[in-house]
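Take a look at the following structure, please.
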């Protein structure tokens, strides 16, 4: 019985709460095609696997060519309406092939590898794009995809405006300590350390990660959170909702004793926007910086 | 087994196999299916064949169909063997810790594989199989008294090993990042999406062969139901039989899990269903479980591929959604008849 | 022919069977009796080959058990257990047919199954589901199965072992079961060894009775020889009367009840007073 419950919960999460791609951890890498035929100069039908990949293709103006996406491709809204070939880590080979794409642009962390191989075996080209969750990674992704689509000029535009937006972020008077919690319901709470997507975003927005002691995500540890004493709690919108809103978050063990909880400084940003490191990264940084500095005016009760 | 039933089951299996080959996200007309197959057999090339269709039929649908038949038949026969061994119609291979051991092996690779420097498409299936074998060996060791295997102890040992393996897997789930967690979840739900011809070849050795051996044990299995002492009196080598059953179940289920992830429910429901329909004689239950299990799993795979085109539903969900209520219905009608 | 020489069974430090030697010849019914825990069932398990004795040897048809091929042995000796563990819904007919396991499948078992069912008076229930039967009915089906096990071309001189076969049976069927065993002994020259609690049944049907007490063979002989108050007192610690069956003359045991020597009137008076 427990196994079935886990299965259903697990799958419903996969469907309804597709996480933006996390930090690049080397997992199943799809093999590059063994004998690469000459690249199609202008692919007309695309399948994109990965939320930020899809976003980038649309941002470059080639969204009309996309015939299929994965389940985590939720932005822009037109993308969310397209045919879904599965979750990017568990795609359907026949599904992709049946859409008869000229090119599949896949995040490096999509898979499984043997399924993607079936797609390339049939002669469909697949371009693998690195999944690094950093600003540089975002820019590299835009450049790489732009090159594939022959939209280098537009790509350059996107990169430059991203740089401008980030440069325009003014550091606030005080550098706020921000703690990022990735939540999947109140029972599953992970805190982001260094070398993670939230860490980078916080830094770009002029804050500092309250957690410096480890890399990647770790399950919540109430004592460490109190010790970290964050001024702000940052979450994704879905994560915040799954815990039950800011009031519920403020009551979490450990969180309740932080300055953030006391001054009710709990903010949330859309998952894909905050952690996707897609073309809207600049926008996301600006947005986050604004939210952080607007909290500066509230006196922190110690 | 009555000829008529055997023919019906075989014909149904063939029918569902043909449906499986002809249907999917990609539309392939029957005539094209035939042309592609005859081309493969060297009976002349049809230049009009679309490479995409050929690829889909030969490297996706064919191996997938064959693997589903192997796994469906194998798991069902393994379930029948377990129900004979434990003399309980609700026993399933999971009691030996095979599935939880395999899950632990898979979880280890999914979560720690990268940090352990292990990569390659075969690492996960091998780890799952090794996990299954190690679990079973532990259960056998724990349930031996002297040189004898005590079935009652096996049950307890299985519970213990399941708990330990479950704890290990749970800990790995705790450590897992989001991607790994989803990989693990999908693995737990099972899929034939990655089925390849080498999988099928492996399945022929590690699933088909043991299953054939199991068919030959039907008569002994019947006698075992009288109890071990009575079976001994009738000339059954009970220790040897128990050990053979455990080995067969371990290999068949371990291989199935390694190749297609965890597909629960089949090993429990199919033989039980066959017993309800055909009676408890294992000379009918085992072969009918083979055919019915293969057909049902193939049907479930077909459903999983058609229901949310072009994506696929994990097959474990399909087997549970369809199998569960159907099984309940059958149970309640048979309870009224005074059988179980 | 069943022979047991110097059988000793020691489990841990406990001596369950202590140097017991016995024999059951073709045509003989030997009853093994004794108090609870005397080692009767253990002895029977050694005789059947299921349990290896700590020391001693069992021979069937003159050949030691270890030298028998298990399937061939199954055609020569069979054991009727006290309880059956079968909980699957086989039909009565199918259960009896299970007894044919030692024989090749293509031989015609239906006749054998039929005649065995007739022998135990279960023909009318041949198509019933075994699990729906009463305890006594199940026992008769098991007996039929055991008989079916031993039926073969050379159908004589088999060894039939029965472990308290009458516990769940009603009076007529208790008698009938032992009558069947005795009949097979007489007509087919079976060697029969039966563990029985009921001394009177043993006396009525056995040619010889072996009394086991604390693992040792305490007495052995014909019913007339061993069913005496002295021997029964020594083994069971009970005072008994021995009477003789009006028809067969076999000794029957009646436990003495000294406190039952009451006048009928006294009993009624006492009852009225307590009302």
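Order of writing sets the labels: A, B and C. Residues in every chain begin at 1.
Keep this in mind: a residue touches a chain if its C-beta (ideal position, glycine included) is under 8 Å from a C-beta of that chain, and two chains touch if they have at least 3 such contacts.
Every value quoted in this text rests on a predicted model; they were computed, and no experiment measured them.
With chains as nodes and touching pairs as edges, the resulting graph is an open line.
The central chain here, found by comparing per-chain C-alpha centres with the mean of all protein C-alpha atoms, is B.
Set against the C-alpha centre of subunit C, every other chain centre is closer than that of A. Chain geometry summary: the mean Cα position of subunit A and that of subunit B are 37 Å apart. The centroid of the Cα atoms in subunit B and the matching centroid in subunit C are 46 Å apart. Centre-to-centre separation between subunit A and subunit C, using Cα means, comes to 78 Å. For subunit B in complex with subunit C, the touching residues are 87, 89, 219-220, 222-223, 225-227, 229-230, 232-237, 275, 279-281, 338-340.
Subunit A meets subunit B in the complex at residues 3-4, 6-8, 10-11, 13-14, 19, 21-23, 25-27, 68, 71, 83-87, 89-100, 109, 112-115, 118, 121-124, 182, 216-217, 219. On the side of subunit C, the complex with subunit B involves touching residues 45, 48-50, 70-75, 77-79, 81, 84-91, 94, 98-99, 101-102, 105, 129, 132, 149. Subunit B contributes residues 24-27, 51-52, 54-56, 59-61, 114, 119, 121, 174, 177-180, 182-183, 185-186, 188-189, 191, 193-194, 196, 264, 305, 308-312, 314, 316-317, 320 to its touches with subunit A in the complex.
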